[in-house]
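Two complexes, one shared chain (chain A), two partners (chain B, chain C).
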Partner chain A sequence: MNGLFSEVFLSALLFGAVTAAVPLLLAGLGEQMSEKAGVLNIGIEGMMLAGAYLGFVGAFYSESLWLGFLTGAAGGAAVAALMALLCVRLGLNQIVIGIALTLGLEGLTALLHHFQFSRSYPRLPAADPTVIPLLADIPVIGPAFFRHHLLVYLAVLLVVVMSYLYRRTQLGLNLQAAGDKPAALDVAGIDVIRTRTIAVLTTGALAGLGGAYLANVGAGLFIPFITNGAGFLGIVLAMLARGRPVWVLFGALLFGACLSLTTAMQVAGINIPTDVIQMLPFLAVMIMLVLFGRQASLPAALGIPYERGAR
Partner chain B sequence: MSSRASPSAEARDIVALEGVTKRFPGIVANDAIDLSIRPGEVHVLLGENGAGKSTLIGMLSGLQQPDEGRILVDGRPVPITSPRHALALGIGTVFQHMMLVPTLTVAENLALGGPWWQRPRTGELEAHVAEITRSLGISVKLQARVAELSLGEQQQVEILRALLRNSRLLILDESTSMLTPKGIDELGALMRRLVEKGLAIVFITHKLKEAVAFGDRISVLKLGRKVGEIPPERFRSLGEEEIIAEIVALMFGRQNDESDTKERPVGATRTGIAPSLQVTDLTVAATDNEPGLSSISFDIRPGEILGIAGIDGNGQKQLAEALAGQRVAAGGSIRLEGTDVAALSVGERRRRGLRYLTDDRLGEGTVGTFPVSINFFLKQVGQAPLWRGGLERRGEIDKRAADLVREYDVRTPSLRTPIARLSGGNIQKVLLARELAEGAKVVIFNKPTYGLDLANTLASRQRIRDTAARGLAVLLISTDLEELLSMCDRIAVIADGALVGTVDNVDDARTKVGRLMIGLAA
Partner chain C sequence: MKIIKSIGSAFVISSLLLGSALAGEVKSIAILTPEEGTDYGWNQQGIDAAKAAGEAAGVEVVVAQGLGYGDVRPTLRELASDGASLLIAHASGYNTAAPEIAKEMNVPVAIVDTPNGLEKGLVADYTLSGHEGAYLAGRLAAKMSRSKTVGVVVSGEPPSWNSQSGAFAQGVKAENPDVKIIYAVIGPAAYSDAAGGKRVTESVIASGADIIFGQGNGSSFGMLQAVETTKAADGGKVYFIDVIGDKSPIDKGFLLSSVVWNIEPVYAAMIADIKNDTFGTKHYAIGLKDNSVELLKTPAIPDDVWSQIEALREDIVSGKIKVEPVYDATAVRALMTSVAQ
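Take a look at the complex of A and B:
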């Protein structure tokens, strides 16, 4: 019992929660942008996988984590470009294409990984944390929150940037109009297809970055299906957040805590079957949906391809 | 080529259309339209539904491209490629359906369309808006969410938006259709102030009163063609009554090329016979987006064709469905040969001889993927002798279907062909065969020739005349006045879910019905 509540254990638990939350945060923020613009991006799981694989490969060969993040984001954006072409420009069904992309990327990344590394799972060296002076020395909180990789702080900063973007800029207005009433945006002289394409590409880049973080920092290696539903949790977060980035952050931390608790309970050797423990985050999803799902307000044109002059 | 022909007139046009034609699959929406739009004028485009008004607006606002002809802006031919391009040319459009984002505030909606990297310049916007609203005498709540505004207020925001973009030509598409009478008057006054400032306005409506009250120049559209124009000089020289008479003549006047204008001789008065269908005070509750029916009464005698005229969407569908039993009536009685059938089911009414031929041929009339043969008997599924013990008797069905195909001249590759592959005219023949089958006493036709080509239109009309000649009572609902005039004994006019008058189809019926349709007393 002592082990569970020791200072070290608690801060490790919280540290793990933040690490697990970052990919969810990035995916959730990305999905939120797509949904705001009226595109339901089910393919985000595939985009994360592409980001995780290419991010790992990039970091492995260049021996630079940052280059890895870059290739990861590019990988996610490349999948998103395909999605934008099919669903935004050609107006195909977003759900069908999204599922196809996710399933396709699951297979493709596993296959490529097999070709590249056979059955070995090489590891990256542990990431150097950026220690925030003074704050990092606070007991429990310090090691938990202020000794992370720089990308973690940037991801949190992104919440502020996104909030500003949605509430204070022209692009934010355009995105919301593209999701709520695309025809109004079109007659105002803004290209709906282009606006939505930008949103989907951004989603892909953010999801890819999240995937790369998951592989390179969270795990330190790539294994097939490493995302394990993180992209789908991102979709849930975006839907529950009602268009507000800060709620994505809170949700991601909550889910991250569940994921971290799962690991911690396994480590602590608590006598519950691991399968039950691993269900915890998904149980949390269902509880949150029951509690808040009905309040989720989705854009009116979500999932509906835009065609000019259609009646 | 002819743009230099009359320089003095052309120079005054902000926008001119020359021979603009637009086709959609199966129809010519606009047929060689010429139009000149000038500053300081309210140019009214008047026409019924389907006259081609919306298509014309689509081309002016960059949503659609003409197939033939050209659009001149300031005397130069310019293809208007997108809504953005139209705005840049100074053409602002207020569409029939509101084009505002309901979740954004008025100010945010007005800011929509600026460069994406900028912050919306709300301060600048406020000053600009204040300037315009003051000079026009309107007020706009900038911080209110659009969803909280009334439709009239939303429309003012849209007009304001067009003015903020420095539009020189303002297009108002059916702008009065959702406004209260007070809102309509305010809009009229606003349009007057705008043209006094030198703007050009194109005002689209199907209401004659508004056209005369607000317009300087009126162009009348009919079935995609421009059938006449009243220029401002003439407008001023004529009295209101004379203008109305002239427009009614243009809108409902006989066209020389109408080939099917053979008047049906009005039968001898049949007052002696008991009516087949007697409808008294039939009422249907209105829903959010459809009108209801208020206190509809009429009767039809055997062998008589009663027409229902009116602009589309005034309760025709509700009337047909309430009679057929597909829509719940809030009150009133429907007597079929003396017995009240208002409480009976759709199937029971059909069995007793009340038949309904829907205008929605593919949606509710047929099952598109079923073969032609089954579609003949859709309303008898499970009944002997075509079905026995729940099993389909294919031989019997095919035998009867083959007879009907021959009798009604249905052009189909085979009885097994899915009916959706047939043309509209042939689908209509299948429906006619089904509804006119044995036992029919009263037949309701809803827009029976809508979307059919000429040959099939004539065939359907003949079939309806034959039906009446056989002694059946016919209710013919149509938006095509020519059709009604050529076939009916009497014509009732429906407006806003009520019958506003019934006219015997004799010499001056055309004018009387036309006047009733556009809201004037006969």
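Take a look at the complex of A and C:
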């Protein structure tokens, strides 16, 4: 391995894996909630792009990453509000609207970037890490996992919160019912449209937050098409996770680890075509699909607009 | 027999008519780019060159930019319908669609990374390579690296970039065979993956590199960000060597140099070839000799080092040093220290 695998290098690889995983985790958790409530959110890539752009704008002008995360989440939620209006309230086709939103946001954010930043390409300073005492001093593992921005730990904490929400709360049950048997939920006196709207808006906010993290911390800048398909990977993770937030976390970390592994293999000088190495992350997703995808049970009313009294 | 003669005559006449329609007259040219022409790189250099070549030839230039990496057939058809005499498809991702539209609309197209795709009057290829400049960049990097480890980060492996990566490695080895070269590809086509560019570059820096030779369109801004926010192993600065464009206007003091391309002579030659009915019959090249490839001098390069680089440039121009382009990705990887021998 030609002596390149120093402690610093291994830490950097693992650190990179976590950084790459966080946007996928947030997008995946968001998509999971939307799907639970019966809304297939193909527009999540567009929501991430909106979050990435507005998150960067917010952080750049305010010089505060947290304000950037806030504007990013708000941007994603704003796009989600449009989706909620068209798909949940008006009952339009979720796939068509989702694709249209993604394409529209790709164009809009590229256009805004062109007018605003395309001659200056501003970059943000490195994000200040939150160092976890004692744990951060463990060789290799410490710098890789315990010296991240606070949002990373909050994103992992969100997995616990989401699990609790789905298993222990009335809202969690309502979301499940909105996706499986919306008519039954309606009969029970719960507003299906409202429940689905809450889910879609939350999805947008989480996707936007993921996009903002990707731009502000992952890249430190915004360029057109920066999400590079991360939203679609979030959809895959949500579907594979079978409604369990912790599986989204594992999936996101696996994907991030595979991305870092591809770099490690190249630096190590594994003499096989780079294309083969680059297939690894996607191969991992396909293996996951084969192993677990067949058992994946999607909500019965997923993708079907709810209309009271309709048969 | 009469019928055969008639068909033959009709074929000859229609060929002549078609030929005259394709050759001779150039009223306007169009260039299609995947990203905006403000990237201080591939897209900007292409658009600027097309405008300059068009102005010099008195030809209108239509720019269709930021088209992404998807299907550009509708845009190609529209531009052809609008009367463009030449469509410059300025992305390797367009080299399937553009020849199709060339045949469909009888409009000459120029594509990249397809040297075997020439068709007289219809398809020209301009797979360019700044390998001579990249060789100089390699010599410069080897001279200036403190850690004696340099990195090559690319967002894909198209032939043009392979030849520059390979020439950079040859330059490093020629200057100092003991310098390590770490090679990493961000993804199969990660041209806009700025986050990936930053992540991979940070890893390469962590493996000891203090100079990064980066090729990446939009993702190169992620590489630049990594260089600006990550310290080398000795706690000092990491420097960045860019390609194709000049990022000096947005540099924060980390840009060491760039292998700058000037594509204007290539597009000017294409316009001339259409006029002379020789379009699609030859390959185009750029190089140090006519300054269509230049190594950028920045304040980060000491004067004595730059003098040595200038002398090497003269040696290449005079033929004393020969830099052969290596287009194949496997051959390029074999030149890197990080690849097991």
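Everything that follows uses one rule, which is that the second predicted complex is superposed on the first by the 287 of 311 C-alpha atoms of A that agree within 3 Å, B and C clash if a C-alpha of one lies under 4 Å from a C-alpha of the other, contacts with A are read in each partner's own complex, and residues count from 1 in each chain.
Everything that follows uses one rule, which is that a contact is a pair of C-beta atoms (placed from the backbone, for glycine too) under 8 Å apart; a residue touches a chain by one contact, two chains touch by 3 or more.
The structure displayed is predicted, hence computed values, not measured ones.
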I'd like to know which partner A:D180 touches here: chain B for first, chain C for second, both or neither.
first
Who does A:Q170 touch here: chain B (first), chain C (second), both, or neither?
first
May I ask you to name which of chain B and chain C touches more residues of chain A?
C
By the touch definition at the top of the document, which applies to A:A188: first (chain B), second (chain C), both, or neither?
first
Determine where on chain A the residues touched by chain B overlap those touched by chain C, and list them.
none
Would you pull the chain C residues touching chain A in the complex into a rising list?
35-36, 38-40, 66, 68, 157, 180, 182-185, 187-188, 190, 192-200, 202-208, 218, 221-222, 224-225, 228-230, 233, 249-250, 252, 329-330, 333-334, 336-340
Which residues of chain B touch chain A in their complex?
58, 61, 63-64, 82-84, 87-88, 93, 95, 99-104, 108-109, 111-120, 161
Interface with chain B, chain A side, in the complex: residues 168-171, 173-174, 176-177, 180-181, 183-191, 300, 308-309
Looking at the complex, which residues from chain A come into contact with chain C?
2, 4, 6, 8-9, 11-13, 15-16, 19-20, 23, 106, 110-111, 113-114, 118-121, 123, 125-126, 214-215, 218-221, 223-226, 228, 259-260, 263-264, 266-271, 273-275, 277-278
